Amino acid sequence: MPRPFAAPPRPTGASVARDDLARRLRATRAHTLALARPLSAEDQVAQAMPDASPTKWHLAHTTWFFEVVVLQPHAPGYRPRDERLGRLFNSYYESLGPRHPRPQRGLLTRPALAEVLAWREEVDAALDALVAGCGEAAWPEVASLLELGLQHEQQHQELILTDILALLAAHPLAPAYRDDPPPPATAAIDPRWGPPGWWDCPGGEVELGHDPRDGFGFDNEGPRHRVRLAPFSIARGLVTNRQWQAFIDDGGYRQPRWWLSDGWAAVQAGGWEAPLYWRRDAGGWRAFGLDGEQPLVPDAPVCHLSFYEAAAYAAWAGARLPTEFEWEAAARALGVAPPGDAPSAPVVLRPPARRSEADLQCFGAVWQWTRSSYDPYPGFRPWAGTVEEYNGKFMVGQLVLRGSSVATPPGHARVSYRNFFPPGARWQFSGLRLARDLEAPGA
Amino acid sequence: MPRPFAAPPRPTGASVARDDLARRLRATRAHTLALARPLSAEDQVAQAMPDASPTKWHLAHTTWFFEVVVLQPHAPGYRPRDERLGRLFNSYYESLGPRHPRPQRGLLTRPALAEVLAWREEVDAALDALVAGCGEAAWPEVASLLELGLQHEQQHQELILTDILALLAAHPLAPAYRDDPPPPATAAIDPRWGPPGWWDCPGGEVELGHDPRDGFGFDNEGPRHRVRLAPFSIARGLVTNRQWQAFIDDGGYRQPRWWLSDGWAAVQAGGWEAPLYWRRDAGGWRAFGLDGEQPLVPDAPVCHLSFYEAAAYAAWAGARLPTEFEWEAAARALGVAPPGDAPSAPVVLRPPARRSEADLQCFGAVWQWTRSSYDPYPGFRPWAGTVEEYNGKFMVGQLVLRGSSVATPPGHARVSYRNFFPPGARWQFSGLRLARDLEAPGA
Amino acid sequence: MPRPFAAPPRPTGASVARDDLARRLRATRAHTLALARPLSAEDQVAQAMPDASPTKWHLAHTTWFFEVVVLQPHAPGYRPRDERLGRLFNSYYESLGPRHPRPQRGLLTRPALAEVLAWREEVDAALDALVAGCGEAAWPEVASLLELGLQHEQQHQELILTDILALLAAHPLAPAYRDDPPPPATAAIDPRWGPPGWWDCPGGEVELGHDPRDGFGFDNEGPRHRVRLAPFSIARGLVTNRQWQAFIDDGGYRQPRWWLSDGWAAVQAGGWEAPLYWRRDAGGWRAFGLDGEQPLVPDAPVCHLSFYEAAAYAAWAGARLPTEFEWEAAARALGVAPPGDAPSAPVVLRPPARRSEADLQCFGAVWQWTRSSYDPYPGFRPWAGTVEEYNGKFMVGQLVLRGSSVATPPGHARVSYRNFFPPGARWQFSGLRLARDLEAPGA
Amino acid sequence: MPRPFAAPPRPTGASVARDDLARRLRATRAHTLALARPLSAEDQVAQAMPDASPTKWHLAHTTWFFEVVVLQPHAPGYRPRDERLGRLFNSYYESLGPRHPRPQRGLLTRPALAEVLAWREEVDAALDALVAGCGEAAWPEVASLLELGLQHEQQHQELILTDILALLAAHPLAPAYRDDPPPPATAAIDPRWGPPGWWDCPGGEVELGHDPRDGFGFDNEGPRHRVRLAPFSIARGLVTNRQWQAFIDDGGYRQPRWWLSDGWAAVQAGGWEAPLYWRRDAGGWRAFGLDGEQPLVPDAPVCHLSFYEAAAYAAWAGARLPTEFEWEAAARALGVAPPGDAPSAPVVLRPPARRSEADLQCFGAVWQWTRSSYDPYPGFRPWAGTVEEYNGKFMVGQLVLRGSSVATPPGHARVSYRNFFPPGARWQFSGLRLARDLEAPGA
């Protein structure tokens, strides 16, 4: 019998508007279905590799999450559709019993997609009923758990896209996810992003991390705390495909001197000579993406990189990657707000100079590897209950990425958001920006 | 551009009846579809393990085989539906260009099942037209190739069942392939098989292998040749579940003395303690099969064994496995005919005593591991052309199985048939019979 | 032709005394030989596992390091004994050409141990001659490189012990490294260490990292920089064998809730149920060590742990591991000096209360895993030249350990020393101390 | 307590001369030491790969074998030097208790080589005493076991050479096993071997296998039995280095059509492009051998091949490998006797034509892969007792090699000898001869 999840910390001072939450829930759940729509049932059952999951699995897992986190403990009389589904669609919660092995998710041809969709509808209806009928006393906790389920589903929306891209990329005929791509030149590029420049920060002490008064945040984004920064400079723009080609052309993938030791081993073991989905033909490099194989857009941010590659590029460029603290300090200082988000959090560091609009290319293109290992913040404490396993147990052997990508759903990004992946992961929408020390330390 | 296949040896003296071949072709192709019918499109795309293939892949591969072996070289004006499909559905023909990696067949969500079925219809129509329109001069070779395609498709019919069983067995909820199983006690058991006994053979020289005058045979079944046999005794019946339980209960899986060295390593590496699909619960052993998980039928032949297990059991029982020559000699001597086949080939060895009907349990239950490595027969020569790769290149590291199984389609078994798998393979419908030396050698 | 190493930063204000450096060099080189003395030539050639190296390899590698870093660029007329030895005894310097694969160091039966010892003598003589004859102008750089070679050799002294222990532990007869162990109860335990207590730190801003004015430090220990710390409490003592047994007895190795996700996977893959060299017999747990297999000393610090185990224990104990910054701040605040080292660096943080002698058990027992990933300090820049590869290229996927162990040679430990290993490494002399937040964050 | 070995079948009609056996025992034991003499203790402890063993291990294992097979059951009052050594030096006898893992034999630095040599002397003295003092009643069985120990030691003499060659070949500096090689052109070549020709056999029934009246034979060489052979032709000479170069030059290693399926996979996985120890430099191919790296001798037999390569070459040459039965029949028909052996066994097949001396190049150069899987002969029964595990349990997944090599000790080869290795093994002194069908089957 699973323990009910305890609630994550409640939004401060909140009487959360029920209508608004119900509306966002419905929109989020519908958006997930919209992402799956271009795919057949066959497409949705296959698993590209152990790290990726089938689309159907994502559809079911997010539904199971609502069932076990919200409905079972809080919806009176709710009965799970099938007690056995937890075994299939539990991702990694040890406290919730045995799980189907992750590398075999592609073998779950049952339940059929149609059944999963029916289950989604039932759960959606139960969620609606819960929002409408929940007593006032219970509402804050229920609202908090609903928000968690919503944010969790948004995370899987991005994974649906990264994982289906991995599947299509493994197909010899390179099929496209969608047939009607947006005009390529503008898909991921904001013309305001260039020309690139640097933003200098004199350093000092800053307050970083999620502030509960700003709304929802994952446990790993807090607690808010003070960090001392040395002076640094950070690039306003992201490294582009054109710049990456220069790295390749200069033998970047063949010279161990630019690489971390583990990175060089990965280059050799994997035969890496370009970002994950780049393919060379007679006419030069092309990139496989959601729109199929397309010519490279030279000024678009380079994408599908490992941390190893990002760090090697930075060394080759005579720079380094920013720490996650530098990244967040710069974003806060410049008042960069993620798309669709609430107004920016208060700036803590004073910018050294006047700034223009949209100064720093933070959100909506590619996640940006930082030079920060994914360690807990001082005073970090995981949520209580089973969601204790949500983030904290992955805090070793991974690196932090900041920002958000073209695949991140609207409203999900935050300036304090800490994404994390192992240093060799390349199938996410991951790129980089550069940083450098502003003055010699101790000088 | 693939080389056309050269024809395998033609049936001797044959003016093959076109109507009959056309009828058998249609029936065979339809039977394949019937096997797939209980499965959804999702079921048909998944691959249980690298050794197994998805159902859809089997449907497409057998179709591609007809296209490349028969239609492209012999049907005037035939255009393959899509030149690129060869890359996806070529199994192992090196001479036909690059192939999609075998372990990634489960990633081929495109073409969709519906497209594959449409392709099958097109090819079926083209085959019908070819049979009807082929000139007399070309007919013998075309007939020979059509027969090869038919036999090839029958091989994949058995694989569809073994491979889908592996997939369903990997599912935590153990779904059944079919909902309306035949009555269990009679599914695979012929009451005439018991009580078991032995058949004694005085030895001598026998002529074995496929005789082209008997109709189609694969290249590896010939040439027909003479073999000298020492006196031996062979069990009339197959080892049963009840007998296998005695082996388990006696610690058979825990005592290295019964096992070949590689077999003992496999037991330990795989944690084997019973046949592949056996599962223990409070009420004893159950077996997973096409009808889902069922209680063991004690007198049914034990199934889903590796060669290692078969050889260990034989050692434990104070016996041995028969060689493939002993098996064939006995089957020929007793005049055992496979179901639906032509009348038995002439008996070569004289049986030592009177015999009753259906003396030897050869066909229709389980393939029987023999103590013969899969080596070429004296004078073996592979077919010319690309079908050169059909059998010969696998003649190392495998063991011969004889007979046929419940999953073998009607009309496919032969007394000279040589099935072969690596010694650790367990997902086929494989069992064993015992043999022993009749008198001490040299006595 | 290898580039000469550039010098690491020189000691500030130093006219290093030649006599003193020569004496320390000779003593260090002699100590290495003394460590190898209990071992036969056969013992010295074998490699326990890919992560460990043979003793002879350590003897040769440290000699090669002096040859290539000091003698070739700075000793006029020096000729390397054999140009080909670099290939054998280069550890990981990509810039110095191809290397013998690390997992095959145990195959280097040639050159014989006697030849390696003769080479050591030649190099020792050449080093002596260089110290005596080096011109004044070149001396500061030469002195700096000699110091680096000395420190490098000390690092390998500890590895000689950890690696030979791994070799002896893999032997079924469990031979001891030395026959005349020190009295067991006092080998690694300082009776003043107990009873354990905690030291509270109010937090604030501290200055940490190596100060070049204090003498030699590796590049990864700097630059010195300011860090903001939240209030915390740190255990004065190390976790003991007795405490670890309580963790085992409470099912610590069987409950996923205490473990990081990767740690739990390591427990299951490795079948871990105790620290690396613990063995259970009828009389309870025993530990294999340099003195062979011995009963556990309950109050000695637990040893041979992975980071995963250390972190799991801390979670089980309701505490956490200290960060490397907390560790260093506490050590500096309490004025703890490593054995044989110069007087402690100036204290930066004010201790909250009076302190007694030897307050914090920092050095000489076991390295202590911290909750800090091995990331570069702000402003970190590797040494120039080939020693660029010395530390920086390992700065991903590893965790920092602080302190020193019983195997660390005298004079090598520093309060700013950053040892580092992957989170699953267990063959070092590694243990842990606990820490906890002093007050709730944000409170 | 290990069961004593039961004796292998005794030589027929034998009152074995004690003096002669004692002399042969001493000579054999001394020859083993002579093989180890060019090697240092360091050389003798290292293990090149899991399939190979250290020289010291061979020295100890053969000694342990005499102790456990002969002395413990039959020498009154004999006490094993150290009961614990069985664990270290038991090769694969499951019935004799737990064993040190094979891949870790290189970690057995203890007991020291000197101790192993002392143990050998003790055992030699005890064997001498047993021969002298054994009662008449017990002597036949004791003599039989002593002969087995002697033959077993001879097998390990060949392995000492193959395994030390693997070790030296893995060393970057390519050291030679011996400094004073025999003149290269004649080392392995008998000038009478060329020019090659073929020997034709009309086929028929032959009697093959070991005849106990001819002296010692391993259990796997019998029982003697009759085999029916089709007409065939067999090459008198072995395939040479010159011929192999033509295969390489013709792209033999790059064309899948010549290869068995598993063989082609091995070529690709291992990056094979020549026999194991061939190395290409500017002047062409060289071969590493016991005399170090030397230019190829074009007319010497090609060596260090896998079965896969041998079979591919035969296919490329339009021929095939002989079966082990054809090999033995030809050797017997031509009266070829191994060097130092007793006069040839009686010829069974009639040769079709006059023959000259030393017609067939069978012994003393390279073992010759046959096209026969290592299956039991009809009526095969392993020896009783623990030596039951000697040969029979390896009878799956291996191929038979016939003849003997330059590394085979004098007096060890037999015309019925069945050597066996997995098809991918290349570190033995293995080559090939060709065969072909004499007339089309069925003609």
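When the chains are written out, they are named A, B, C and D in that same order, and each has its own residue count from 1.
Just so it is clear, contacts are C-beta pairs under 8 Å (C-beta built on N, C-alpha and C of every residue); 3 or more make two chains touch, one makes a residue touch a chain.
This structure is a prediction, so every number in the text was calculated from the model and none was measured.
Contact with both chain A and chain B is made by no chain of the assembly.
With centres computed as the average of Cα coordinates, no chain lies farther from chain A than D. Centres computed as Cα averages put chain A at a distance of 61 Å from chain D.
The distance from the centre of chain C to the centre of chain D, with each centre set as the mean of the Cα atoms, comes to 49 Å. Put simply, the C-alpha centre of chain A and that of chain C have 37 angstrom between them.
Along chain D, no residue makes contact with two or more other chains.
Of all possible chain pairings, those that touch are A-B, A-C, B-D, C-D. Those residues of chain C whose C-beta lies close enough to touch chain A in the complex are 92, 94-95, 205, 223-230, 232, 256-257, 259-264, 307-308, 311, 323, 371-376, 378-379, 388, 393-397, 399, 423, 437, 440-442. Considering their complex, residues 40-48, 56, 84, 87-88, 100, 104, 106-110, 112-113, 167, 170-173, 175 of chain C touch chain D.
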